[in-house]
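So that we are looking at the same thing, I have put the structure below in structure tokens.
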């Protein structure tokens, strides 16, 4: 019996590694970007019935696991407030080093408000570079102004 | 007497607000992007002598403050591990929600390693959109593979 | 010299107590609800030039303080992650006890997404009750669905 | 053998997802609001014998689980002090941003004391809006003045 | 200028030590128990105008300090989540060791709910004992049942 | 095999709920107050052989569990530094709000030292009150003066 | 004006370093062991009037500082839960590594209870050793059995 | 299969309680002091082959457990930074209250450096006393001066 | 079924201890340094197919475990932010004591930037010394200057 | 008046930056390595009278500051448990990623014990490399075996 979404994430990770399937192949089945599809598999997004059944078929999940994939999960993918994994830590470091900079520049351009993390999309690509290839990430989030009332 | 770089940051913030100067105007004096220049003013980057003197002249800083701007600062711009400010929190949330996704996709494309937060640049623009303008951010960081030895 | 918005909050608190002014009187000068106006005075919202000058005149603030009131502040009004003040703690307790309930019911009604804390308004009133008056709070936040991409 | 109330919560979540039952259906069986009933199922309230047996029959729980539902549980539904789930975090953010505002306004209206989180009720509804539907929440808590002695 | 209630607490502590005044003498001026009066002086309760003026006269406080004493303070008298002072720690230890016991026994007697910390009084006395005098504390808090709705 | 005292606590909780036994009934078997007996069952006190065997017989525990009941346990009954359960939190709040008051009054009466949490007893009773019954708790702890040497 | 005992500790440290006085010299004036006297100077014990005046005369403290020395201080001499200073950390490490050992051996010898940290004394001496001198510490604390009631 | 040293500690605790063996009896088999032997059994020291086999025979451990006893363990015997168990907490309190005193007195006697927690021994004895027996602990650690280079 | 890389680490530790294999023997099979090979076995590096199969054959791991060894793991080998193990703590202490020194000296020699922990190698050797052998560690990390843009 | 060693560190930093002096120049005056000398200036080591007077003369410190430099300081140079500065964080990351590796390899070579952080030296050099210069660090710490007793 599955009692927690993180168990489904573990099942997906295990099946993916044993079967040697790539995230981009899963994304094709899901029919969305590799970024959204991976996040959904890792317990951060809720799938539609069709998406969940597609992933279930590809990875050999039970009906119960497929049902859990359609539920909005308790989000947050990191085990500690400050991530210990070096790849993920670099992103935390960017928020720490550039956080006040992002705040100042967005406020200068848009006024008081935030950049949405919900009405948001992300695209990650390899950027070829003779001095060493780069990770090129584009993020786009709707600006939401604070409401006065 | 200045005994801590954060005092210089406070002086800059205070002068900028009182004089009504914009970060983009400061960036022109610095001669670098608005992202790097703002981060440098907020105590996250070290300026060259010319850059520091330019900022000092624009904002009316003392020679002592200008000397501090040229020293590599103790970085980290947030007062708590989890930021409380909603704008900056959304970025922390993105790292929390998408952290394992970024990890999986970068490893799938590049193998084990990290995206550098040092050999890194960022560009933030307004993206016009009839459903509400968006914050459009491009990040580019060199991929650094783990060395085997 | 003011180097931090929290200094302006302290000035406002001090002037308000010494002069015996009420938040509802300040709200009239601001021209917005008592909820938004109080939050703005306590360093959580940015005022327009007119609002800031009105508050400055009422409380006898300097031009420098009035300039700071127009800047989007670093938000977060609590000194610790878990508030120690009993009145504020009860709200934290409600989030702790009812957090998963709110999540389940909003997802059941709207699907995956969040209730905005930015496009948000709040109204607090006394609700007379023979068994003891009650605090009656209405909150309204726009539902933002997670974008698929 | 059940040794912890959180196991009952997991059983309920699992049965609800597998059977495709809604919280509002459970609330009908419980005979209370959907807010109270959901909180009770998620381990935050104690049910009466009748309520517990009704829920047990609907979801197919064992007698042991039904017995646990009638015990006042160790409350607190969040795994971390600061919630990582974006929907729940927005509520924590409201407490953080508006906490001192709520404190000031309640004290101004009622004097020193608190709004009860025990003699408390909550109602959550969809508020239709052409610019995007809203989550409309009404909270009502008895004001409790500090006793002088 | 006073910008924080903790400054008033420090002024009271300093005046009390320099003048050699006892808490019981202050309580007489306040006209309430020594427990409530001490808590009020230490920034945990709001005084009436008469009480504040009495304390102000006794200790030689300024009008500004007397005004602050009448404001409901941001409560919480300990600098850390777990107190380091051995006397106060013993109380934290009692909550830690006996917390679940108090919970079980109150629920067994009263059902689900809490013992109020607001509608609450406390009396502390010396209990003479040939084997060594004891601290005898009586606490009385109203039981508040969870409301079903 | 039992490898941790908390497993015995879980066994006791489970048996007590399934059999519908009250703490006061257990206390009769133990032959001590309901406060001490409950704390002992919840893993905070060590029982004598007779007490442990009595509890074991009443609740149907194995010999191994009965042996563990006689061992001084690793004490501390709360899962987090700040308790999340509202009933227990109110006690933590009392320590937080009244901690410095208790310290001042005990020192004023007894000098430097502590109130023992070991040579300590507690009695919890229902106090009938027309405005709502109250929880009445008497605590008595030996005063221990700091030794000079 | 002194508003906090830690200010007195700072005054003592500063005077001691500037005047080149040793703790053992201070202890002679206090008339107690060097361990108790140092702890008292560092804000962990309350002095008698005579002791405080003696220290005040030796170090040139004001009457106000001498008054503070006679007040039971808010104890706890470390700035963080886990000390960063290597000398003090080794003691924390001993508690961490040997904590359960001390617990087991004291319980085996005495039964359930504690070793008092209040009715306690300590003596620290140099122990000459050809392989390198050693720090020799003797601690003696009264055993306090848990009271059954 | 044993995958963690803490499992061996649990096996030892369980066997010791079930068989009613004392730490001093185990120490005799180990051939070292009761302090070192207990710490080794509780996962803080590595045993020799002979010591491990002796303990294994006495307590009926498997060969696998005996192999684990000979591996240097990941040390640290407490589940939280600040111990909750009252007996162990008193030791943490001593470090907190006397930490700066120990630092000052060791530096006064020996100069800058530390008392080793590795080249260290401890002896715990009952000290009979008509006013109540005492726990008498002698600690001896080599002084290690900071190296200049 | 393996659902987490830490399970593979536990399998490796268990097999290594039971079979009595050394890290240097594993390193020979891996064909890299003992430092890199040990880190890879402990879940901090990703192996090639050949390396993973070699380790699998030596230690008798399943195909599933061998598949997991080739996946970039979620890194971070310590259970707490501040390590409790004395050997590892000394390294944390070095970072704490010498951290600002390393920062100053690297900036003085190289300017603003970091020493890479990815393009990094380490060599640990026994350094014989008549006063007691020493641990001799050489670390080499590429200097990465902050990019201006 | 100086009441804390960190004030001396701030004075040194300020004088060094204003006068444009290098750490290597300070080290020459101290007569020790640049690593030890920098650590001593940053409040991590105690200087001899001659060293302190030399630094005082070079940087223009007062006699009081020179006296403080000769006192063993409360060590620990980082403001948070996990450092936020990227250069220092990389060292923390090395401890986190390689901590268990260092432990395994030192134990394999030396048995149970630690590498001393007191009888320790460090040398940091630029290592020229056509692919980008490297930071080359040699650390040497005496191995201290755990004493059996």
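For clarity, chains are labelled A, B, C, D, E, F, G, H, I and J in written order, and residue numbers in each chain start from 1.
Basically, a residue touches a chain if its C-beta (ideal position, glycine included) is under 8 Å from a C-beta of that chain, and two chains touch if they have at least 3 such contacts.
Protein identities per chain, from UniProt: A, B, C, D, E, F, G, H, I, J = Cyanate hydratase.
Every value quoted in this text rests on a predicted model; they were computed, and no experiment measured them.
Shared contacts of chain B and chain J, meaning chains that touch the two of them, come down to A, I. Sharing over half of its contact pairs with A-D by residue number, the repeated interface among C-F, B-J or C-D is B-J. For the pair chain C and chain J, the distance between mean C-alpha positions equals 46 Å. Taking each chain's centre as the mean of its C-alpha atoms, chain B lies 48 Å from chain H. One finds 41 Å separating the Cα centroids of chain A and chain J.
For chain I, residues that reach two or more other chains under the stated contact definition are 35, 71-72, 74-76, 78, 81-87, 93, 96-97, 100, 103, 107, 113-114, 116-118, 120, 144. Chains touching one another, given as pairs, are A-B, A-C, A-D, A-I, A-J, B-C, B-D, B-I, B-J, C-D, C-E, C-F, D-E, D-F, E-F, E-G, E-H, F-G, F-H, G-H, G-I, G-J, H-I, H-J, I-J. Across the complex, chain B is touched by residues 7, 10-11, 13-14, 17-18, 20, 79-80, 82-87 of chain J. The residues of chain A lying in touch with chain C in their complex are 32-33, 35-36, 45-46, 71-72, 74, 100, 103, 107, 111-114, 116, 118-121, 144-149. By the touch criterion given at the top, residues 22-24, 34-35, 38-39, 42, 44, 75-78, 81-83, 85-88, 90-110, 113-117, 120, 122, 124, 126-127, 129, 131-144 of chain H touch chain G in their complex. Residue ranges on chain C touching chain B, taken from their complex, read 1-4, 64, 67-68, 71-72, 74-76, 78, 81, 117-118. Interface residues of chain H, counted against chain E in their complex, comprise 82, 84, 86, 89, 93, 96-97.
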